[in-house]
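Chain IDs A, B, C and D follow the sequence of writing; residue 1 opens each chain.
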Amino acid sequence: RALLQRFDANIDDGGFIEAKDWMPENYRRTLVRQISQHAHSEIVGMLPEGNWISRAPTLKRKAILLAKVQDEGGHGLYLYAAAETLGTSRDELLAALHSGKAKYSSIFNYPTLTWADVGTIGWLVDGAAIMNQVPICRCSYAPYARAMIRICREESFHQRQGFDSLLVMMQNGTEAQKAMVQDAVNRWWWPCLMMFGPPDDQSPNTAQGMRWGIKRVSNDELRQKFVDATVEQAKVLGVTLPDPDLKWNEERGHWDFGTIDWDEFWNVVNGNGPCNRERLAARVKAWEEGAWVREAALAHADKQAQRQPKAA
Amino acid sequence: MQASIQLQRDPRQQYLLRIGDTCLILAQRLGEWTGHAPVLEEDIALANMALDLLGQARAVLTLAGSAQGLDEDQLAFLREERDYFNPTLVELPNGDGRPGDFALTVLRNLFVSTLLRHLWVRLHDSSDEELSAIAAKAVKEASYHQQHAADWVLRLGDGTDESHRRMQAALEKLWPYVAELFEDDAVDEQAAADGLGPRWAELRANWHAEVAPLLQEATLQPPPDKSFMSTGKRGVHSEHMGYILAEMQHLQRAYPGGAW
Amino acid sequence: MQASIQLQRDPRQQYLLRIGDTCLILAQRLGEWTGHAPVLEEDIALANMALDLLGQARAVLTLAGSAQGLDEDQLAFLREERDYFNPTLVELPNGDGRPGDFALTVLRNLFVSTLLRHLWVRLHDSSDEELSAIAAKAVKEASYHQQHAADWVLRLGDGTDESHRRMQAALEKLWPYVAELFEDDAVDEQAAADGLGPRWAELRANWHAEVAPLLQEATLQPPPDKSFMSTGKRGVHSEHMGYILAEMQHLQRAYPGGAW
Amino acid sequence: RALLQRFDANIDDGGFIEAKDWMPENYRRTLVRQISQHAHSEIVGMLPEGNWISRAPTLKRKAILLAKVQDEGGHGLYLYAAAETLGTSRDELLAALHSGKAKYSSIFNYPTLTWADVGTIGWLVDGAAIMNQVPICRCSYAPYARAMIRICREESFHQRQGFDSLLVMMQNGTEAQKAMVQDAVNRWWWPCLMMFGPPDDQSPNTAQGMRWGIKRVSNDELRQKFVDATVEQAKVLGVTLPDPDLKWNEERGHWDFGTIDWDEFWNVVNGNGPCNRERLAARVKAWEEGAWVREAALAHADKQAQRQPKAA
């Protein structure tokens, strides 16, 4: 009880919780769920973009894409490490992913069908991710906040690179390239708006998350901020956002936008998106087919450990 | 109009393309692992090596094309298969299906990074200043790649029965393609005469001096040498190369005049 | 200059391309088996089915292109992915690696040949005489393909424990892609109104009436239906399609102006 | 003894031996070896050409290639059946192939590197095969002779198609296509000359084969016939055969040609050609990975057989 009071007071003061500090079980569980979900999103997110590494159209773009996907692996590492500070091992977290128990961001259940999808993921998906993640840099759990600061810096870089790759095609490309970019934006726009999660009035976890300083800004606020920022960027690019209801609302000082198809959102969350099966299958296959490698590494380390004393 | 470019068949250019294409094609193969490696750390390490190799490829291809006014992308994406000069070893698939066999991947990395490290060391003394500068940077990367690969070869060769069996199978598959690395010809002759770089044959002894004891420590046994000789360095590749190129070149070929 | 051709987005053309592309892409997948089948008789049978499907594709693509002055090869090799309209089912890989999974292959053949047989029967009554003539020939081929696939599904479903397990796994993998075959839309609407051909939705009942008892006899159990819906018929494909096209189109793209 | 005399007399009269007829063990063994080697060549020969089915440049060429490779499978079938009439099962013959004991034509250990290789195989490899095989249509063992008649008819068709595909490229194609054809001819010419086997003075089996009416024309005679025919066809095509020593010999009434690199021939025969390992590995993989299919087919047939009586 005293511990809980001190914890609450700390949170209320805007203080940070470190791994060694006492914390309520629920807080710990919520964080493990959220951080691991985020970590899973990073490693599943390597798949749709990785799909284009072998086909990148120039060596510069290939290098940028490789570096980006590598960064995502790195984000996965930090985040698993942050989750491990809360007492759950990476193997346990991965087991939950592979069994389908743990979730990852639904956006990665959409396929990358053209090269323009790679740039669009950088621009829109990473853009939305940053909106979601910047507030987490002030999250009450310090190891998570520290990981997010580094991640957000890299994500911003990725977003600019994605935007730049689309800009080159829209400004200097052929008609076929421009059409490819527009098509990609058409396919990714609505799923990106869904990335902020259900509307606030249907989002049960928001209040507690806010209370604990894990979540700092509501889904709808973040979504609006994303729309407002993106409309301007779309103008610079010269692409049309596929929403006839999109228009400036002088009164609100924001862009109004159309109704999101939440049936689609829940379909994808519940496993029926275009690539859910394949994404999970790819992760499970990598894990299972890699088992012999991990076992061999352990066996070799054991042999080495046994040899040391003899040699000594 | 994305027809293929024509090369001049110049020994200097071919010498450089052998190096650049070795890096380029191995980067392509390593990139296939991204997202599919046995542990996350290896996803990152393999992508990182692919990135280093790609950087080396870009520098060397740029140099190789400069005399003829060709840029790195024209060379990377718009040649016919006969005009790629990497040794066959680097174009072999990672294994059946994708992403393939981790044993074969780390063993090939050992073979190629050992070759490249010794090559970069010698190229540091090249009469071509630009090539010398590229080599100065690349040698550090190759050392890291070699160390990483050696660690894995040791771990997997002397790990479990299964990992040993897989490594030995990979060794039997790859070993026949090693001889080509050190085959001598007029291209190397000319490069040596011009001080551009060493004959690759001169690297053979050092290569074996490093690889042989490592294989032994890893309890792996190379198969007996045969008369088989692959010929990728002369532009006569295996049947795998065409599939790599069809995939790698697709966007450049399908969007003529595109800006990327 | 082998840039992609532009289609007119005409419902009649799209209706025909759905048929032609279904045959074309399945032929491409079946062709991958050639030389790698479990018994020589199946090497021959799979190549033969690929050949029949290719013949059907050529006839239908020729018809689909005629109004716009496009020939079969322009349509087959020079479209962008978005302009191919086969259902996603036929573009799925045969299995991990090449040639893939024989269980998945024969089950998909059953699904597609049952669809095509009923489709050809109805297209025999098409208001388009040429399409009607194509259908008259194709229906016999589809009947043979269906019989061949059904025999194997039965054999493998009710064979050994292993073959049963593999068939059941294939069924769980493919079943979600069946719904798309019978999805209704404006393209079908228009074709029905013009007497060009049936709505594919009209084939659903007959399809299930033939497939369901066969699966049962083969002791196979389809998974529960889900809301997942693939969208290849609208030109939004899976990630596999790009690799098929990169390979299939390579020569046409890389040798602009070529004569073959 | 009486049987042997009757057999010899029959052969000397130019008669035919049927499967049910008595024959010397050596004759039988020689035939099984030769027919199965030929059958193996057909099915291994599906691989280099099959390699281009997915990449054929037009639908017409794809159809022709598919049909051709299918025919090769058919030839394999007839030939295995012909070998089986001599009392050795297809499974036994395949086991010998997979273990590396049985040989197949070395020509298929060369890779198909470009589309022009497909046409060149049709023109040169099938051309050489026909030269080799036409005399076998008069082979003393009737089932083999009958199979060869059908095979030769189809091979001629394939050869014309191959030649035609090269002719289109040489007459109407781009410079890049013409260079592709010339490159393919350069790579395939010498290996094709090797297809007729070692020179007569180094070919130990020839005499006995001739005596038995299994072999009708010597290696060197066939090779010369092939060169003479091909030189003329090369002129029509407009390609150069890569042999500076090639010239018309008025006295002999034949084309002289350069020295064949028999070291290369023996290297490839002994397993060290460009694709020996891969070809055999592909066949073994297909066989091993297909085991469950063959087992299931047998198991199902057994179940059906057991059900019949119950149903009756």
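One rule holds for everything that comes next: contacts are C-beta pairs under 8 Å (C-beta built on N, C-alpha and C of every residue); 3 or more make two chains touch, one makes a residue touch a chain.
The structure presented is a predicted model; accordingly, all values stated were derived computationally and were not measured.
Averaging C-alpha coordinates per chain and comparing to chain B, the farthest chain turns out to be C.
Between the interfaces A-B and B-D, more contacting C-beta pairs are found at A-B. Our note on geometry: chain B versus chain D, Cα centroid distance of 36 Å, whole angstroms. Separation between the centroids of chain B and chain C, computed from CA atoms only, is 39 Å. Distance between chain centres (mean CA atoms), chain A to chain D: 57 Å. Residue positions 55, 174, 176, 285 of chain D each touch two or more of the other chains. Residue positions 3-4, 80, 96, 242, 246-247, 250, 255-257 of chain C each touch two or more of the other chains.
Inter-chain contacts occur between A-B, A-C, B-C, B-D, C-D. Residues 48, 51, 55, 111-114, 174, 176, 180, 183, 187, 267, 271-278, 285 of chain A are the ones that touch chain C when the two sit in their complex.
Put simply, chain C touches chain D in their complex at residues 24, 28, 31-32, 34-44, 47-48, 50-51, 54-55, 57-58, 61, 72-73, 76-77, 99, 102, 154-156, 158-160, 162-163, 166, 247-248, 250-252, 255-260.
Those residues of chain B that touch chain C in the shared complex are 1-4, 80, 96-98, 242-243, 245-247, 249-250, 253-257. On the chain A side of its complex with chain B, the touching residues are 43, 46-47, 50, 53-63, 66-67, 69-70, 73-74, 76-77, 80, 115, 165, 168-169, 171-174, 176-177, 282, 285-287, 289-297, 299-301, 303. Chain contact summary for the complex, chain B toward chain D: residues 3-4, 80-82, 96, 173, 176, 226-228, 230-231, 236-239, 241-242, 246.
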